[in-house]
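The two complexes that follow have subunit A in common; it is paired with subunit B in the first and with subunit C in the second.
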Partner chain A sequence: MTHVVPAVTSTRPQTPAAAPDEGVRSIHGRAPARRAAARRVAIPYAFLAPGFVLFAALIIYPMIRAFQMSFYDWRVVAGATSDFIGWQNYVTAFHDPIFWRAFANSGAYMAMTVPPQIVLGLLVAMLLNAKAPGRAVYRLLFYLPVVTSWVVVSLLFQYLFANAGLVNYVLHGAHATNGATSWLSGRWTAMVAISALGIWKGIGWSMMIFLAALQGVSRDLEEAALVDGAGRWRRFTTVTLHAIWPATIFVTVMLVIGGFNVFTSVLLMTGGGPADQTQVLLTFMYEQAFKYLDFGYGSAIAVLLTIVVFALSVVQLRVFRNRTLT
Partner chain B sequence: MKRTTARWAIPVATALFAALALSACSSSPAKSSASGPVTLTFWGTYGNGGNKAQTDVLSQTIIPAFEKAHPNIKVNYVDVPYDSLLQKLTTSAAGGQLPDLVRSDIIWVPKFANLGVFAQLDGKMPNFNTLAQATYPGTLSTNKWQGHYYGLPLDTNTRVLITNQSALASAGLSTPPATFADLQTDATALAAKKIPVFADSGLQGWNILPWIWSGGGQITNADLTQATGYLNSAQSVAAVQMLVNLYKEGEIPNLLIGNKGAVSTQDGLPKGNYANILDGPWMKAIWAGQYQSFQPVYSPMPAGPGGSISVVGGEDIVMTASSKHQDAAEQFIAFTQSSVYQLSMAKTGQMSVVSSLDAQEAAASPELAPYIKQLQTARSRPAVPDEPQIDTALQDDLVPAFEGKVTVQAALDKAAKDIDPLLTATK
Partner chain C sequence: MTSMTASWQRTGRLAVSARVLVLTIGAIIMILPFAYMLSTSFKSQQYVLATPPQWIPHPATASNYVDAWNSDHFPRYFLNSLVVAIATTVLSLLLSSMMAYAFARFDFPGRETLFRILLLGLMIPAMMLIVPQFILAKYLGLLDSLAGLVVFYVASTLSLNTFLLRGFFETVPRELEQAMEVDGAGSITRYWRLVLPLARPALATATIFTFLASWDEYPWALTIINTPTRQTLPLGIALFQGQNSTLWGLVFAASVAAVGPVIVVFLIFQRHFVRGLTSGAVKG
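What follows is the complex of A and B.
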């Protein structure tokens, strides 16, 4: 095998060509050279500017504004004066039992939906990574829920888990229950129904990430492991899992963030009810801001959610970074 | 090559930047001409749920009649789904982009009046007192906040008992329950057929107050400053206890506690799943489309020790404080109280708020007669800015009583305690 030195692909001018040019400039004056240098510095920023303006206007400014609002008894009308109340909105949140229930429900949803999405997503990805007839069709079918509207599937699952819905019908038929479970009228049964939707809709996304990662698993290593007598499970844990570890970290972090941000399905399937039993942080925040027009309290909840999600992400990244697979 | 890139790169990037900046600024509203015809923007929810009958009457009859009488005023009606109007009003108030007129749910008026979004009408609108006195007192009171009026009633409604006669007949019953005692007797008869005697979809003020009022109880004192001693009185407890007893026997379905997986009243009554519900005059049009053979029977709210008392619903017409055409807007508000507006809308199920039009309304729309009668004693929910929170408190505090986790007395004590500060809150 011949080693080929890679060709230089940089567009940076080579020194011998540039030198005479610089020499000419130095004779005729320094100003054009300075302008050229300034232009070189300005170009990247000029291209960055539109994106940055959008990012600043649509992400950074609202975030700063929400943070500011969380310290006020915010009056929503344009031009109205709002009273500064310090940490009062945060104190209200810490003493509000519904806030803590919403926090626990968001955490429970995350705990109930993230592991199944990872395990099932990886399982499906491995099945669909193997050469088999109709592979593309199955990939499409598993990905279909991801691109389906949350509104449509939330209503669909509401019907499935209704008192007289398909789930009760099937469970009764299988003699698993008496068929009279009122799924959406109790806190935990409703959370099961909402989580079932989250898992069903999310598997396709993690499958797609894992599929991409599985394409990068070295066949040489797999073959070497096979030659060494490693079984299917051993090959999975020592070769495959090792190779897709960065993708697993990415999927986990993103799913945890997404789990804490659950909103549409809860709003549509239970509305946070009955009696606020299934409120999650975002539905609770939405209710405070847009039903009661208490934007100060709503913003404080949003800030607290941001801190929790940020802290969780940092912890996860640190845990994963310090942990290597053996 | 490199220098060529540099030459076009900066202008292109600058142009992109400028385009973005300019597009962000281009949405500022054009100022209206002072001399030309005035255009009023009017937001409403007439078309909610695809109700074309009401938007058709508005655009084909009512607005042309107003514009003919006021050649210098044009009305641009914008239909907004009911579920998004509160959010749209809120964000528009924050952005200073409000319309001139709003058909507002009666429970939002005190909140937006308190925020300074809706304009005070009494003392400003020339003929306000005359127009106000012509309306039902219960509907007018929904416009009042801190001694002033911020709107006029536009349309009203209330809830009456609607019965599936076939469901009653299957249990050997012939007439809808007229009293609390009848309801309990009917429940026993219907239980044998596994048909709940009554169904409703929540425990908020709209749902529970007719039972408390008819039971002789109250939600607050007359000044709307205290719930303790009223909401948790013996009469209120007895009325709610009756419902709890029926619920525990399975004679009221768990739709009542807010279970979204239960069969809705809209479907359950015509299908015979439920024998009775409480609902408004719009149901007739809904069933006419979906359940054409269903013949609903309308009767008054079952009477308890306090009589037969239902709850007032409906909308008010309000002008925004930021409207640049307040004189024209006031003229349109006055027009909404005319017989043209009120009777045209009554034909579509939106009941008139002008009491002198009762006879004409009943003659033109006989199906509204039970509602017109019920309105004579119907009461409005507390007209305070935090009314939505009061609804939540009622729902959240009463559910545990229905689930058997606390006594009705304890649930109403807690609700009263939670509601007290909401009555006096002014933020």
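What follows is the complex of A and C.
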């Protein structure tokens, strides 16, 4: 993802004829030429400036501020001074059982949603990669939940998992449960419902990435493996998986990040309740910041989340890189 | 090739049918919630949680749509969302294409560093910034305004759009630009008349992602908007969710109205979706 422009060498056209007016002017004197040269140097910065200034002011500056604020007992009221309290917000978090529960819930959501999204996404992609009638239609149907707003699908799943909702009715009909599970009023049943939404909404995305990656699988290699008498599974592990390995790394890292950032679905389906049982890190952070107006504590939670996500990404990239496929 | 073909033929028909069967079951699971949502949007309140659940609403009613449309400010939510999404898309595409042009076509001190800083925007979770951004918006007088939505939406889409567009701009043949430069065209002319028109497919991709992101955005709007007449669709729909008993028919009539345009846009531009996804980091 972060392959940063090694290919581009000299970007400015260097034909002598490129700047005729400059050449003419330099006969008369050095100063105008130098001014023209200075203007040339300034051009890329002029193109960058509006966007980059906005980005720096509204994204980079708040990022730095989030770290800074996490060390303060932040006063929202105008005029009140905020006190520097060192690591106190972090100490509070580490002694807060709800923080740990929220952390565990975020982790559980991640663990419940990431593997199915990878496996099912890859499965669907492989089925769609082979010749099948109506591929485009299937691709579309699987992708539809991805483009639908989180608000809409969260309310939809709250409705489906309601006590008298469709899920209970179907499960009862299939004799899987007695049909009286109150999904959203218990911690783990609610996490299952929220995770079901996450998987359903996310499969289409990983499917698309895998579909693109599967285009790069070498037909020749597949055929060679077939000639060598490799079975279907062996062909998959030796040829296909090898070719889509970078995509798999990308999907996994992105999904783990996304999993820890679950917010809207929890907020709308359970609101973190009942009694904070289903709080995840971001709903907990949001509540501390905007309900109790404890901006310092909220920032500390946000920073902790960022550190966890960042560390997990680094670990994953290490593990993936060291694992050689044979 | 022969062994391959033989193998295809041997397993041929059976494999295809098995595949189609699995895909169909999967597709039905994906679509079922939408179908049920559509169905419920035509039910009156006493039937929304009826046992057994009704697939075909009986009696069917369009009153939810009428009620949703006539409820407090629903047409206003729609208009607000449209204004915000269009303004965000135009501004974000303009600013990010300018940056992408600088990154793709010029060699200048600090280019690598600036680009890396910009890529940070792809990795920072948006929610991490919400508290300091709220304070900043308050300081700038942008709280409770559509401008406050647009400005921050633009900022948060710059990284991805610049990344997408820069990749595409680099594929525009350099010779074309040199020819224009020989003819005396300045960099602004080259950017506006040559590079942008040639990059139309990439711009289409960026347009769709930016439009959808701002059309669907919820947490930031929830945080800064208070006045009902300034709310956007996601806020409006979430408002229909009651504390104890939700008027589900109303919620889903509003949802269908909000999702409809998205699906239409998606159907029209779906090949740009695929291209956008394959060219970088996009999480819907």
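Assume the second predicted complex is superposed on the first by the 269 of 326 C-alpha atoms of A that agree within 3 Å, B and C clash if a C-alpha of one lies under 4 Å from a C-alpha of the other, contacts with A are read in each partner's own complex, and residues count from 1 in each chain.
Note that a residue touches a chain if its C-beta (ideal position, glycine included) is under 8 Å from a C-beta of that chain, and two chains touch if they have at least 3 such contacts.
Just so you know, these numbers come straight off a predicted model, no measurement behind them.
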**OP:** Check whether A:Ile43 is in contact with subunit B, with subunit C, with both or with neither, and answer first, second, both or neither.
**Re:** both
**OP:** Figure out whether A:Val251 sits in contact with subunit B (first) or subunit C (second), or with both, or with neither.
**Re:** neither
Original post:
After superposition on the shared chain, which partner residues are touched by A:Ala300: those of subunit B (first), subunit C (second), both, or neither?
Top reply: neither
Subject >> Touching partner for A:Ala164 - first (subunit B), second (subunit C), both, neither >> reply: both
**OP:** Count the residues of subunit A touched by subunit B and by subunit C, then name the partner with the higher count.
**Re:** C
Subject >> Partner chain(s) touched by A:Leu214 [first = subunit B, second = subunit C, both, neither] >> reply: neither
Original post:
Between subunit B (first) and subunit C (second), which does A:Met112 come into contact with in this model arrangement: first, second, both, or neither?
Top reply: neither
**OP:** Could you say whether A:Phe290 touches subunit B, subunit C, both of them, or neither, answering first, second, both or neither?
**Re:** both
Subject >> Touching partner for A:Val280 - first (subunit B), second (subunit C), both, neither >> reply: neither
Original post:
Of the partners subunit B and subunit C, which touch A:Val151 in the superposed model: first, second, both, neither?
Top reply: second
Original post:
Touching subunit B and also subunit C: which subunit A residues?
Top reply: 11, 13, 43, 47, 50, 54, 57, 158, 162, 164-165, 290
Original post:
Which positions of subunit A touch subunit C when the two form their complex?
Top reply: 1-2, 4-5, 7-13, 15, 17-21, 41, 43-45, 47-48, 50-52, 54-63, 65-66, 69, 120, 124, 127-128, 130-134, 138, 140-153, 155-160, 162, 164-166, 169, 200, 203-205, 208-209, 211-212, 223, 226-227, 250, 254, 257-258, 260-261, 263-264, 268, 282, 285-286, 289-290, 295, 298-299, 302-303, 305-306, 309-310, 313
Subject >> Touching residues on subunit B, where the partner in the complex is subunit A >> reply: 1-3, 5-6, 9-10, 13-14, 16-17, 20-21, 24, 86-87, 90, 93-96, 111, 115-117, 254, 257-263, 386, 388-389, 392, 395-396, 399-400, 427
Subject >> Sites on subunit C touched by subunit A in the complex >> reply: 1, 3-4, 7, 16, 19-20, 22-23, 26-27, 29-31, 33-34, 36-37, 40, 48-53, 95-96, 98-99, 101-108, 111-112, 114-125, 127-136, 151-152, 154-156, 158-159, 162, 170, 174, 177-178, 181-182, 184, 187, 191, 212, 215-216, 218-219, 223, 233-234, 237-238, 241, 246, 248, 251-252, 255, 258-259, 262-263, 266-267, 270, 273-274, 277-278, 280-281, 283-284
Original post:
What part of subunit A is in contact with subunit B in the complex they form?
Top reply: 11, 13, 36, 39-40, 42-43, 46-47, 49-50, 53-54, 57, 73, 75-80, 158, 161-165, 182-185, 269-271, 273-276, 290-294
